[in-house]
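The following pair of complexes shares a single chain, chain A, combined with chain B in the former and chain C in the latter.
Here is the complex of A and B:
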């Protein structure tokens, strides 16, 4: 028996330190939240490859990366927001708005829409600025008026969607009308029979940059602190309002880049683009192990989560299953991910 | 000894602080004086305004009216950051630590260290290594370094260890004054003793401490003067030498009042 006065380790604390195998798993997943999506992704790829060998052909793998690029990029913005215990339901609407601004400013074709014909780089810059402004509007409403992010972005989802239709007359701008720079994100670089899209590279760079920002800068630390316990963060001298506002602005910037990628990916700019993109980004973030309650999560998990969403859809399609089953599978994954998160969070107690 | 030290100016002085929350009055013209190098205990019944009073000093609340002067200069703290910049560190009852962050990040929360040179200035890179080594050094120095690893997240710590992190943060960065709000409320006997020892160590280093506590034996063990708060005001200031625990409880509940000439409104510790 050790001397009870030796101080540093209590016998009782040592007993409390003992863990069952289940608790060990819990603690490990708590420490490395991206482990569970990593396992899910590997298992999913293995199963789909067994069911249909075409799944792992380079052609299909390049298709998967192309399918992931927009969800993945927007999911970076969504991760930053969810880490602050917020949520952005308007992210898809902002992206559509941003791409319509870019495309409409750049085209010269005579049509019923306004005929600006700005230099492509300027059109892209203004499109990104429009997305930043949209993010800033979300941030302003959430921070200054102290409204819940869910309600604010539910409202701005409609506002930005309507604004897009009002300003740009519901007209889809086709690829050939647009200058090349707008479509550069869709250019594929051939590596053997694998095709790497420029947009995918940009997405991966964004993931790397923001992983660095979250892990290695004060701002990143403050995002976690604000999401974790806003009162504690404020009392620790962090301006929670400034952090929150800046997160929505930065999310707007990332969404603007996402808009540019979207034009390249689809080869067109449509005001009715992909209404499911909002929920797909949230799905990717949640499956990626980021807690909807804020303060816990990683971007590497989000990247894996985005791939899981696409891999499951793609794999089930190749396995010959109907679209409905793919939606069902994603739904189950989301619920399982949130349930897992709840269980992992009990480590705190 | 009292005649000599009467000329000492208070380090911190509050006059006529009023703070109301809707119809509830937290402070109703509260005064407070803290002299250099002393441990001032603030005691009072629930709702007497102890926490409200120190939150005003710490910048967490803005008083409706009243003056706070630090070293003779009037201060209007709008945020805790303002008070911290003046060297006032506070351990709040809620601890104000971030559970998902590790110990080192918590210690440096809001004043992170950046790497020197371009990596720090342009790329804003944190100097995590330095923060970790310095954080564990600080915990060692304060004799509260019982955690296994400085990279542990705070949520994996026990209540006492979390308290230690919060107290360590205040002790490391407080340069003028440290405020502790119920620092031993959640602690076991041994951990409480360690915090009390820490308070004495701080005093020996010449650091003034305001201690808010319900625990009379602890108050009588470490305090130089005891400020009794009642109904949002200062009811009396006494010393452990002149009054008993029963007296203090009687003042708290209003059963006893102390004539001003019998109070310890001036400093009782001789400044060295």
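Here is the complex of A and C:
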């Protein structure tokens, strides 16, 4: 199938009801990949709210949305890539690289390695371009040299991390040193006692835009086609190489926006920012019901997946459990999500 | 799609990446001498006598990005350049990368170096350190003692327990009898690492809370009385793991505020964590320095500037540059036939490189460290 909405399930056949209840669930989940994460999220929220009523206070809910913003934004890029049956292990390294470019170009501190002091909008633009370039390097190696995405991005993970340390002398840029525009994503808009971060709005806009792009444009349809069956896609006239390359470039762009959001979120640009973010994005995508085998999945699912990761961590913390239990819970969720995906895929057999 | 790749090609790709990373490692170990170490320059009188074989030393830190470890690397490089020591600089990839440190220790043994300066990641590197000492290397732990401490020859360190006590005592003086509602932002809450439990329990001890086992965090009563200064009630709201960085500090503080929005004391493991906590507190509408006091340990430049600006009220400053430069000089002296250094700390277990409490609001209750204003600490800061 080349689009999540025009599935291979014959509606008439489904209507006749010649299926066991289990099969019906399987078919429904196959048609709506975001249904399982939605159920998990609702159940998780209900349980955590029962354990600790503070969980659903507006203050905590605004913390949850703020904690989702970086992983959610990067997960958009990761979803596009995984839909093509690829993977990006370097996404966090690209984000850190992008934010260090932005921060270093914008400041003029005497202790800084490079004293550029560019206008903030220019620094941000160049930082996003640096991320696009990094994505293009991944895309080039994957498409032109026909290397597997896993190997390429495993390598560029180290390369981009090392470049960040070499170019920027491993120095953390603190909030007060940076112009306000770099930190604008962290500004909170108060709605009663709920705080909406600007970065959260940007993330949601990105989700909306790319959901539209995936559903309504031929580029979006081609991404599903390439991920589902590259040979068939090629035979039907799609340039799989061009689609693949463009996906990594677009992913670089989204990651660049993510870098800007990250600066707002932490109020600092640190070269050792969040080393687990690479895998966290993959976790969010997988829990969100997108198949690691490509061709099936939605951005709504990914958004839900990102929220699940954060809700589970936050909820278990409020329930008084240590970090190790939160990591354990996320691990179990990932395995359950992939097992469910395997089972759902059998619907076609 | 792209799995037409041959095995040879894959290997070539891996080899290329490997070769590149070796090149990068080589670049990063280049020396950048600073003048700062001149202040800390000590004996090493024998440097003029050109030795037959160059003395080689490895500096192995937890990571290469934390300004604290960058300062150590600078101190070591300057001292090595001055003393004619061949220095290899390496680190784990991140907090928790034991395997990375073990490999670097093994490299030092293989190269027949004279000694190792290491900030041990955890007890998991103990065996490798023992191997190094068996092979005749003099091993100095920097900043973080090993557990048990006699795994290394000697430790050059800040007394992290005293550093924690000083900020706890300061907090008690500042509260002056008011109820303490405490958030604790540590590195890990599911693993016990010495720097982590020493600072955290030191803080509680300084405040006058019964810490039960000094090597375990979180075993103390969640409510009770603190006794330092005027004394009063305390309530511990949370013990959150942050990974000791900004994002972790912000997330941890947010979790704590969700548990209890009335927190008025925030202990942070280091200043990056404090910056994250400060961002979360400000976003929650708190006035830091008035509604809530943020205390920390480290004394990095950005950290003590934050003391001046008011987003941190007190922090214990330590001196990593001095640890590393003294360490290099000590190994050089031993290799040239000199005597090994002796312990100088209060408990006689390590070589104390000193600590200063940085605050704009000194308190009579502080007895574990001298108090200085932010400007003094800025002038003496690393990073």
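Operating definition for what follows: the second predicted complex is superposed on the first by the 331 of 349 C-alpha atoms of A that agree within 3 Å, B and C clash if a C-alpha of one lies under 4 Å from a C-alpha of the other, contacts with A are read in each partner's own complex, and residues count from 1 in each chain.
To be clear about the criterion, a contact is a pair of C-beta atoms (placed from the backbone, for glycine too) under 8 Å apart; a residue touches a chain by one contact, two chains touch by 3 or more.
Keep in mind that what you see is a predicted model, and the values were worked out from it rather than measured.
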{"item": "Partner chain in contact with A:271 - chain B first, chain C second, else both or neither", "value": "second"}
{"item": "Partner chain(s) touched by A:218 [first = chain B, second = chain C, both, neither]", "value": "first"}
{"item": "Touched partner set for A:295, first chain B, second chain C, both or neither", "value": "first"}
{"item": "Which superposed partner A:180 touches (first chain B, second chain C, both, neither)", "value": "neither"}
{"item": "Superposed model, chain A: greater residue contact from chain B or chain C", "value": "C"}
{"item": "Which superposed partner A:228 touches (first chain B, second chain C, both, neither)", "value": "first"}
{"item": "Partner chain(s) touched by A:238 [first = chain B, second = chain C, both, neither]", "value": "first"}
{"item": "Chain B versus chain C as contact partner of A:57, first or second or both or neither", "value": "second"}
{"item": "Chain C residues within the chain A interface of the complex", "value": "1-5, 9-10, 13-14, 16-17, 20-21, 24, 27-28, 63-67, 70, 93-94, 188-190, 240-241, 245-247, 250-251, 254-255, 257-259, 261, 272, 275-276, 279, 283-284, 301-302, 305-306, 309"}
{"item": "Chain C-touching residues of chain A, taken from the complex the two chains share", "value": "54-55, 57, 59-60, 63, 66-67, 84-85, 111, 142-143, 145-149, 151-152, 154-155, 158-159, 162, 165-166, 169-172, 174-176, 186, 188, 195, 226, 230, 240, 244, 262, 265-268, 270-275, 314, 317-318, 322-325"}
{"item": "Partner chain B, residues of chain A touching it in the complex", "value": "7-9, 13, 27, 31, 216-219, 221-222, 224-225, 227-229, 231-239, 295-296, 347-348"}
{"item": "Interfacial residue positions of chain B with respect to chain A in the complex", "value": "60, 79-81, 84, 90, 92, 94-101, 105-106, 109-112, 114, 123-126, 128, 146, 153, 155-156, 158"}
